[in-house]
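These are the structures in question, set out in turn.
Shared between the two complexes below is chain A, which pairs with chain B and chain C, respectively.
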Partner chain A sequence: MKRKLHPALIAFAVLVFIFLTGPLVIIIGSSLSSSEFLEFPPQGLSLRWYENAFDISAFRRTMGTSFFLAVAGTALSMLVGVPAAYAMARYRVELPGWLGNVFVLPVLIPEIVLGFSIMKTITTGYEVPVLPSLLIGHALLVLPYCVRVTGASLNSFDFSIEEAAVSLGCPRWKAFFVVILPNIRAGLIAAFILAFITSLNDVSISLFLTGPGVSTLPIQLLAHMEQFFDPTIASVSVVLMFITVGVMAVVERTLGLTFLTK
Partner chain B sequence: MKHRLLAWGLALPAILLVAIFLGLPVIETLLTTFADPKGAFAPYIKFFNSGFRRTVLWRTMEVAVITTVLSVLIGFVTAWVVANAPAKAKSYLIIAAVFPLLTGVVVRSFAWLVILGKNGILNSLLLALGVISEPFSMLYTQGAVIVAMVYLFVPLMILTCVGVLEGIPQDLTDAAASLGATQWGIFKQVILPMAVPGLIVGAVLVFTGSFTSYATPQLLGGERQMMMGTFLHQRAMVVFDWVGASTIAAIMVVVTLATVLLMSRLARKLNPVAG
Partner chain C sequence: MTVSLTLENITAHYGKTMVLEDLDLHVGEGELVSLLGSSGCGKTTTLRLVAGFLEPTSGRIRLGERDLTRLPSHARDIGLVFQTYALFPHLSVRDNVAFGLKQRGIATSDRNKRAMDMIERVGLSGFADRYPANLSGGQRQRVALARALVIDPPLLMFDEPLSNLDAKLRVEMRVEIRRLQQANGTTALYVTHDQEEAFSISDRVAIMNKGRIMQLDTPEVLYSRPANAFVADFVGFENVIEAVATGEEGGMILAEAGGAQLKLPKSHFELPAKEFLLAARADGLLVAETGEGLPATLGLRTYLGRAYQYVCETRAGNLTANGPLGAPLETGANAVLIPQPEQCCVLHREAR
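Our next item is the complex of A and B:
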């Protein structure tokens, strides 16, 4: 559906895209500043704030925690989410229709309410240590992506291929690994990446679940911002942005970005 | 029967994860607000009797509604341009919309701190242009929170709307055109009615997202522009008033669920294809 566009509309869209990309350009610019202050355009160029960011042990430590949570939380979520998605796609008649809604609850309940409630009941009430609580919180947070995105791939999967493998003597569990998983690879990768990025950037759940010595990078950034207003934050932000670019390049290579508009 | 057991067995770990770590804690939070010794609804009476708390709720509503309206309008018009752009330009535009979306909320809110601060870019620019004679603080205002939130949600709206617009079958617009409809007529009578259900879904995401946000109001609104999210955090972690915090949480849950349910119903009703 290509239509001729009115010049005013094009001008408007150009302004919107400047609005969208401008602030990110400003962060990159100010992270390269050589002065003590956040400024744009920078007076002189240097990488000192990147060095400073890596020198601050709190940033190194929380980045490690954030990575661990994003990888382990997503893995845990996939481990329980993919079988559930498979069950719902394969046994549509045997399972009730509302079951799908259960797995959407983590996006339906406000994140900050979930974080607060987990802190209150699980961490404080059942005295679960902070790190496992965080892990559970992050696994829950990304569960909707794991179930829905893999579920979308499974719904377009022709299960007669699985039946063919089974009737030729392949055990069911093996058919799952050698027939189904390779066929829904694109969905698995997409789910993993969306979940990973969501976890890495999460604020509202981690906000309540950080304890002595345990914190995530976004929470550490927030805390740092309240005390200092120097370009260190900008350089940490740029590092995070480059991780995103890397992840996006992987998505583009494997799937093409158009899947995000579907 | 065997299949049914197997199906439930496969889904069980995920069900347990949600039931134990989401269901249980959230229900406990909701129950806390009714177990007050001063009476079942005491925390709510306290909430709605306090002018400050009502202001916070009202402000959050206002910010969320304004953010939603602006994001939907900007997102829809931009998506229209993106959807009708040449293929090459379109893929770049989609990348430009996805990239901010994948960048964290903290980073994106921080950018506005740099732009709107007293020694920020906007002030320097206005000073240099001679529009103002001395820098003024734009931070910690409702406007700052709204600008940053619109910035947060416009990419989401663009992607949603591009998906919606591309989902409209070309046969329909072709048919309208062959029957003599003008460009504007096609837009008003075919495209808009087909797009509205999708727009509502997107609007719900923006509304609930901004209604429950924390990082943006914390950084750009501060204490002065307290919103439900920042207020909940303050009650829970600064004052340790867990009943008060639970009450805020319960109100957030009710508003969110009510919006989602009502709006998805409306979207279904307005869907010209299903209806």
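Our next item is the complex of A and C:
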């Protein structure tokens, strides 16, 4: 027996597929162009813009900064967010209901406003150097993801296993590490990936917080595009894309990505 | 090492609500005592207080010579079996069972040997490398049991351990729990809302209501001689009839109830006062067409398989009584309800 599909449905599915993958094809195509301009379809084939991307020291440097911020900012945010999510799930009855909403504020407030206020208070107000300001800004930006995604796996968590561990002689602080954390691993990884990608892509907050000598890759890309409208941007994007895919592949191999579909 | 558990004058609050009121409880060495009651009666609170997950407002908890009242939970040395099994999903059966031993700093080889021995004792040899997700409910509860037993605790506690299992497995597991508890001679506190479960495995049962123990006794005494109307109702004495003793006649107590004279054998009943309550199970009032008993008009008849049950209108109020299968009586018929001493008891009127 054959399943009957409506032609319009098939057409719609194909359109969605093109819509999703189209930009990727265009970027990869234009990055391989040998012409001086960012254009699609590419004129000729060459890897010169990739070479150029790696030649420009600003890209190498800012990529380093961006990765540092994404890793350190996310780590910092997890350090605050995971215990917060735990407390809110564990003491749901005792704690006020609005508390959870406080942790999503950075998503609700327009990023521009968030970036501006961090600059006003931290960078100019307390004269914190550029890199630490950026770190704080990124940690704050990704905090909602850390709290919410870990919180989602903690809300369905059966805390009696924590009590079981305690009854078997395990102190509560230790039970958090040996029983709770291993069982919300999927949520932790999901939170980390979401936060990592959000931080890596951020423009609006970094725009306010970057300063002399310290910039992030997206900001550098913008600056580069204003000066030269060449395919270097496309090639940097492709490199970024493959690094992200690579990270996901490693995670998939080692830990499994089933949590994204769960 | 067997010890006894003592709770003295325990009062506990959730916020401002009092959940336990001046509770005293003693569980003797090697004894299994059940806390039985409907939800909200304080039975789980009592268990959680002993486990150290809650703190009493006042009172003392002692386990043998040790005062547990302010001791942190992890230092109490109590084996706990949960309703949801509470196995560690990320650990194999063996590591689940060995967890408590690991916390006690026992060397790996010794730990594994003791865990494997215990896994064998609960009948799960061959499952040691499985993960909880790949076990059935009954198997999971066996692992939970092994995990609590392997640390050789002076006290075992069960929090409705069988309510997530199907009926057949429940009977099998409660026998298993009783067997292991007796083999080790461990003192045990068992929380359940299932009367049959509590009665079948306990040395003594405490029936609880609104944060108080209504009666603590052996299942036999609870079943046949409840101390008050609450316990009587709980153990199935559905009918409570007001009666007044009028005299005695050859080993029988004469009593007046619902406008009729009843004869109750003296050997069965010890009247608390002249005015008393007669409590009867549905089986304790035999529906008959004629005889010496309470006159009644029959209402709705239902079929129980072993008997017919009637809603009966009497001068003592609406009563539930059973009649023999052989001769079903029609709705509206007049009949008498004859007390069956084995299924009746007497209560103090004030205990109502």
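Please note the rule applied: the second predicted complex is superposed on the first by the 237 of 262 C-alpha atoms of A that agree within 3 Å, B and C clash if a C-alpha of one lies under 4 Å from a C-alpha of the other, contacts with A are read in each partner's own complex, and residues count from 1 in each chain.
Assume contacts are C-beta pairs under 8 Å (C-beta built on N, C-alpha and C of every residue); 3 or more make two chains touch, one makes a residue touch a chain.
These numbers come from a predicted model, not from an experiment.
Undergrad: If we overlay the two complexes on their shared chain A, which of chain B and chain C does A:Val247 touch? Say first, second, both or neither.
TA: The first partner, chain B, only.
Undergrad: Applying the touch criterion given at the start, work out whether A:Glu127 contacts chain B, chain C, both or neither, answering first, second, both or neither.
TA: neither
Undergrad: If you tally the residues of chain A touched by each partner, is the higher count for chain B or for chain C?
TA: B
Undergrad: Is A:Asn183 contacted by the first partner chain B, the second partner chain C, both or neither?
TA: A:Asn183: touches chain C, not chain B.
Undergrad: Classify the contacts of A:Cys170 with the two partner chains as first (chain B alone), second (chain C alone), both, or neither.
TA: The second partner, chain C, only.
Undergrad: Look at A:Val147 in the shared chain and tell me whether it touches chain B only, chain C only, both, or neither; answer first, second, both or neither.
TA: Touch status of A:Val147: first partner only.
Undergrad: Between chain B and chain C, which residues of chain A are contacted by each of them?
TA: Shared contact residues on chain A: none.
Undergrad: Where on chain A is chain B touching in the complex?
TA: Going by the criterion above, the answer is residues 1-5, 9-10, 12-13, 16-17, 19-21, 23-24, 26-27, 30, 37-40, 77, 79-81, 83-84, 86-88, 90-91, 94-95, 99, 102-103, 105-106, 108-114, 116-122, 125, 136-137, 139-140, 143, 147, 197, 200-201, 203-204, 207-208, 218, 221-222, 225, 229, 233-234, 237, 240-241, 244-245, 247-248, 252, 257-258, 260-262.
Undergrad: Which stretch or stretches of chain C touch chain A in the complex?
TA: By the definition above, chain C touches chain A via 51-53, 72-80, 82-84, 86-90, 99-100, 103-104, 144, 147-148, 151.
Undergrad: Residue numbers of chain A touching chain C in their complex, please.
TA: Checking each residue of chain A against chain C gives 158, 160-161, 163-172, 179, 182-183, 185.
Undergrad: Quick one: in the complex, what on chain B touches chain A?
TA: Residue list for chain B touching chain A: 3-4, 6-8, 10-11, 13-15, 17-18, 21-26, 28-29, 74, 77-78, 80-86, 91, 93-100, 102-108, 110-115, 117, 119, 121, 151, 154-155, 158-160, 162-163, 165-166, 168, 170, 173, 183, 208, 211-212, 214-215, 218-219, 229, 232-233, 236-237, 242, 245-246, 249, 252-253, 256-257, 260.
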